[in-house]
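Handing you this structure, nothing more for now.
Per-chain residue numbering starts at 1, and chain names A, B, C, D and E are given in the order in which the chains are listed.
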Amino acid sequence: MPKTIVQEFTKGLWQELPPFRLVLGLCPVLGVTTSMENGLGMGIATTFVLVGSNLLISMLRSVIPQKVRIACFIIIIAAFVTIVELLMQAYTYPLYLKLGVFIPLIVVNCIVLGRAEAFAYKNKISSSMADGLGIGIGFTMSLGALGAVRELLGHGSVTVWGDFSYNLLSAFPSFQPFSFMVQAPGAFICLGLMLCLINAIGD
Amino acid sequence: MNDMVKMVVVLTVLSSVAGGVLAAVNKGTASQIEAQQLKFVKGPAINAILDGASNDPIKDRIQIADGAVERSFFVGKFDGKANTIAFEEFGKGFGGDIGVMVGVNIDSDKLVGAAVTVHTETPGLGAKAKDDPSLVSQFKGLPVTDSLTVTKDGGQINAISGATITSRAVCVAVTKAMNTYQKMKPQIQEEIQKVGK
Amino acid sequence: MHSTLKLTVSHAPFWHNGSSISSKSRNILLASLLAVVPGCFQYGMAAVGVVAMSIASAILWELLINFISRRPISVGDGNAALIGMIFAMMLPATTPWWAVVTGTFFAVVIGKEIFGGIGANPFNPAVLAMTIVMLSWADLFDFNSALLNYQFDFNAVFPLVLSKAFGAHAVEPFALTDLLFGKQIGGIGSTYGIGLILGGVYLMFRGYIRWEISVSFLAGIFAAALGFNILNPELYAGPGFHLLTGYTLIGAFFLATEDSSSPVNFIPMLIYGVLGGALTVMIRNIGTHIDGVLYAVLIINLVNPLLDKIRPKAIGKGV
Amino acid sequence: MGYFELIISCIFVNNILLAQFLGNCPFLGTSKKMETAVGMGMAVIFVLVMAGTITWLVYTFILVKFGLVYLRTIAFIVIIASLVQFVEMFLKKSIPALYAGLGIFLPLITTNCAVMGVCVLNIDKEFTFLQALVASLFYAVGFGLALVLFAGLRERILLARVPRPLQDTSIALITAGMISLAFFAFQGMV
Amino acid sequence: MVESILFTFALGAVCGTILSFASKIFYVYEDPRIAKVENLLAGANCGGCGFAGCSAAAEAIVAEEAPANACILVGTESVSEIAIIMGSEAGTAEPLKSYNNCDGGIRATDRFIYDGLNTCSAVTSFYGGKRDCSIGCLGFGDCVRACGFDALHIGSSGYPEVDKEKCVGCGACEAACPKSILEVRTVSQRLLHLNAYDDALAPCAQTCPAEIDIPRYIGHIRKGEYEAAVNTIRERNPLLLACGRVCPHPCESYCRRGIEDEPVSINQLKRFVADYEMNSGKRIPIECAPDTGKRVAVIGGGPAGLSCAFFLRRIGHHPEIFEAMPKLGGMLRYGIPEYRLPKKVLDWEIDGILNLGIDDHTNVRLGVDFDFGSLIASGFDAVFFSVGAWNDYNLGIPGEDLDGCFTGIDFLAKIGNNEKVSIGQRVAVIGGGNTAIDCCRTLLRKGVNKVYLVYRRTRKEMPANEVEIVASEHEGIEFVFLAAPNAVVGNEDNQVTGLEYLKMELGEPDASGRRRPVPIEGSETVLDVDMIITAIGQSPLLAFRGKGDRLDELTITRWNTFEVEPATCQTNVPYIFAAGDSATGPALVVDAIGGGRKAARSIDLFLSGKPVVAQPEFLLNKHIPGTIFESVDGIVRKKRTEMPELPVAARINNLNEVDLVITETDALYESDRCLNCCRICYNADS
């Protein structure tokens, strides 16, 4: 049964919520979520690439030959990633510095290539856009949530672009930041526990 | 064969177009990127070193050719006089180069400070070099003539515990900066007059 | 290879030999008291409080997770209490309550229960928890600052800090007999060397821990420390010092020997122990961390599945 | 920095998987069985050494020279993807035995962040050619080592009675975290 | 801008060109079916099939290493589509199946109720092999959890039971079992496995020349699973009806039950289930692996030939049997009299073997009706010789050529073939083996008045089966012990009238431990007989050699048998294999059956291009030390089931079968006497 555009969009928010439902694209999820800001930034960058590449691939799907489709997808995605990279350098340089190597690595993010291969190459432009946007927003939400949890526990406070901030220390003055959470092992364990939570809710 | 040609053509055209688009974007953003780099990478370090300067050191930078490379010196005016410069040098850390911004007072030939600009060290340990003032604060006031090493190597600088290599790299960078300064002092003095005006 | 030993089977009916998890836990708890009681005398009521808090919270966490996962209540086997006890043995007496509770959460819940309970944990739960809390609140577990308010009749500096920062000559004042009798600062139950040794020997004789692991762990420490010492006697302290300071003894008898994260066959046990010992000294001498035991135990836990692959071929393969 | 330190750092201290978070998808995907883990590890070593050096050469001698560094991402990914496909075809034809052992894992490598990541890191850290070669090799060895150790643990965890919501990926991630913690042991050793 | 476009243009062009040329240069012919199959697979790379990803699975399917239904995710629709691509039926490749080696003792579970531990690996790590039973199943079901296909369950006995239908052979259970109790093998691998030193074998199974897993089939009988018992026996022995009747059951001498009371009547149980199948009116289907297209000539249709052909067929090869006699069966048919093994029974059994798709050619004799060269020319890939030992030894005494003198096998074969033989009234049969006894008992049934059995040692030394000796005593045969024939006495019509023999006495024991008979000077005695049958042993008849073909290269031992590598049955000509009496000299039927299977294994190795080597840790005529106990405690003495037989009066005048089958009640009782000393623990009585 063909889905409506709204359905294509919303499925990315829960049913196929990356990275929890589709267990893909874990590297940035683990690597950049030391703070909520980083997570959201990474998510938005990925969303941009997802939507852009989905759009272009969907447009060009009749032109791209089956045999070199992966190569073509990669070129298109890489182009979008480079654009994001340059734009971020130009306008959000501190964020770019924090995300570092993970920005060029969007190009090998399984989610992006996976959507291109599994969805955009087979569907028309509007649903591809909706799909890309939905998955991208889901991804951004997940990263933001993970980043928020890690930042809150690890630093005792959450700050997003200076505008929004919450300090745990004001509520619990004796709280000592649990810095394990912002280190590498904490990333894995925190993601594992969140995945467990999502599974438990899903059941 | 036809198939092959089509494959090659599609790939080539697609990558050429991508190349073109990217070149355009790059061109459009290049100046903005440079400004951002100065502002966010070197800016904090420069401002820390030249704290209290009456001018904007980033704006008042001077370019001097050092062999093949062009070096930027950021000039700070204190008491209305352009007598302090800050410039960057690099030392090999564990994960790559560590950039250290070094400030020198031209009149007294003494270090006014040092600050880490870029590093790719292990988070949590090597990164302390940037955030932990205990290392860089030791440089303040040292005469530029010495070469600096960490205590473990028989020198005078106390390394950050657990980050000896990083500390060593910072020392190397500062020592290099001092050599550069001594080598280029005449040119600097010449150029700095222009700023002073 | 065929071995007649393996084929010595006896016939049914088989009876329970009376040993059980609870008796095992009881015995290890008993053995640990040999080190914990002197520790409590040294550090006073605060130490008793930390131990009690640790054991109690470990049991509560286990109860809670039993309840949440709707599994039979398993605190009766004493394993949670044991984890709490071993965790407490490593803590300084000044550890605040919330650090203890967080630690036992990581030990019991993350370290053990989520893997399916006893026998399934890949890493030693107490070590895991200790590493995590140490990583998070390093200043709480820096023995020098943590135990600053205590007055001792001996040199109240954590020996390993001295050896790390100032080389071998700095630790010369420490007499080995003093170290053996607990005249050093450290965790509540990890400084009284003679008590740990007696407890360990008791457990080895009763068969609750494998002597192969403990002995090879100590041998690994000895050999590696000796090697470093010969290489540069100025910088690296001798084997006697390494054997009696930090978590060495508790590591050899209580940490490395944990059942489900250690190998079951002879040769793997030897490799496991020696590797752990050698890594400990390496971390102490050239690594970042002050004491290497915790990380060394984690690393050998990690290679344990690979070591376990070295095993005699089982009878019954084929046909 | 000497090569010995570089090697230790690449394998243990800055392990590509556990410290840099690169290559997690195949890490979780191919570590269920020891044999697949070994095969994947070998394939990554094989490809990474080639990709690491070729991208380094292209970057240094073409991109830098012509001022095209911003094309790094697109150049690298195209090179890696083509290389992987080329190697796959080459092995299949010329060394079928090797193909059977590690060739089947090659398609998984194209989208392996670890390969792309190491190529980018080689550039970012301004390695010399030899350093890039050594770093690529030993980052890959570190990847393989982590994979094999992880597979050893996962084979055991498979048998444990893990609570339902934690099963599979969730518990695997938590275990990976513990391995990552254990690898802290090597901190400061270089 | 220009550089950028140029660079990406070049990059795209170079990569595109290299790849498209590479795809030509490194083009490997790949079965187009692989791509088609791969498209039909789920594409999830889940590894559930046991292969590394879907493309590997597709290759395996096309290479027929995996069945069409290998993928666990796709539905039946895709499976049948794959089957259509493959031009096969779904699931033709021989699947791997899991198999539980351990069903423990009845009370073994009691040992494992420890509080708190709930997985096998936990128990292993806690008790680290320091338990009394260091080998057996722990029963906590790690294997069950490891199985992704729901094919394993802990059965009512507390041990894992494999659902053969659901098992895909992924090996997860094998890997999961800390005790290595489970194994995953194809049927072929199991059929061809020879007992090895590191197998867990009961003493009886170590002793059986056919290597039957005796405790297992007795276990099946105990549970009333007679078909399973038949299948277990058929994994090792295709001639269970015949063996159940004629096997001298060396296994029973090693039965541990025999230490305390009497050995389990193992052979009777085998006969019981074999007869159960025959009398049930239907044949239990026998699994065969998919065809390999290799052909093997089997020269000689006796037990060794039939066994070899049976196993070759079951693993997918095409044996053809060439038999010199009019019917298959060899010594079973022509050497064993009707009253021991009815021809009807033998026919039923041989039919079952031939029904698997084995061609047979009877009445064709190698060297006479066809020669070896033509055999090879007609495309056989290997040759198996099982020509038996049909050449009777002569006594070498004067008068052996007189009328009324016969040799044992020759005589039995003539009777078996319903040829006319003039039979005397008083007959002397010389020899102490089974052939001699068979001759005696056959003669009785042919109406002979008086039968003497002349043997040069005493009853104790007679090599014949004890039951046979006892039965012949009941039937009234007169034994003349310590008598060495000296000459045959005849009359002028060249007719035998008597046998002159020397009386003997026992002297010092010889090398074999038997006391050597020494003739007593001047004790010549004449036995008044009109017919003499010499049954003192046989050797193979190798008259087909010497025709100038490769058979002449074969090494022949001084006993006139083929010289073969004992562990592989291979001769010095690589594609010729031999087993049975023609390789070992006269031996038991069950030896020939075991030899046939051993040869089938070697032939399979040879045909698949692998080196023909002995199985590692091969257990050849040896016992594993440590499994043969001095004492067994805890046994409540129970009598062994008596074998029913026809009363002497009812059997002496006809060729009716003498030994009868035991009842089901007795079979169940007897199977319960088995201690199940498989590998785990004894099933001692409470």
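Keep in mind that, in the parts below, a contact is a pair of C-beta atoms (placed from the backbone, for glycine too) under 8 Å apart; a residue touches a chain by one contact, two chains touch by 3 or more.
The model shown is predicted, which means the values in this text are computed figures rather than measured ones.
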Between chain A and chain C, the fewest steps along chains that touch one another = 1
Chain at maximum distance from chain B, centres defined as averaged CA atoms = E
Most remote chain relative to chain A, going by C-alpha centroids?
-> E
By Cα-centroid distance to the whole-protein Cα centroid, the innermost chain is D
Between A-E and B-D, flag the pair that has more C-beta pairs in contact.
-> B-D
Chain D-chain E separation of Cα centroids, rounded to whole Å = 52
Calculate how many whole Å lie between the centre of chain C and the centre of chain D, each centre taken as the average of the chain's C-alpha atoms.
-> 33
Between chain A and chain D, what is the separation of their C-alpha centroids in Å?
-> 22
Sites on chain D at which at least two other chains make contact | 19, 70-71, 74, 78, 82, 124, 155-156, 159-161, 166, 171, 174, 178, 181, 184, 187-188
Contacts with two or more other chains, residues of chain C listed in rising order = 110, 114, 116-117, 119-120, 132, 135, 288
Interface hub residues of chain B, defined as touching at least two other chains | 7, 11, 14-15, 18-19, 22, 26, 125, 162
Can you check the complex and tell me which residues of chain E touch chain B?
-> 1, 3-9, 11-13, 15-17, 19-20, 23
Quick one: which bits of chain A touch chain D in the complex? Just the residue numbers, please.
-> 23-28, 30-31, 70-71, 74-75, 77-79, 81-82, 85-86, 100-101, 104-105, 107-110, 113, 184-189, 191-193, 195-197, 199-200, 203
Could you please specify the touching residues of chain D with respect to chain E in the complex?
-> 29, 32-33, 35-36, 39, 62-63, 66-68, 71, 74-75, 78-79, 82, 85-86, 89-90, 92-94, 104-105, 107-108, 155-156, 158-161
Can you list the chain B residues touching chain A in their complex?
-> 3, 6-7, 10-11, 14-15, 18, 21-22, 25-26, 29, 32-33, 36-37, 39-41, 123-124
What part of chain A is in contact with chain B in the complex they form?
-> 63-65, 67-68, 71-72, 75-76, 78-79, 82-83, 86-87, 89-91, 93-94, 97, 183
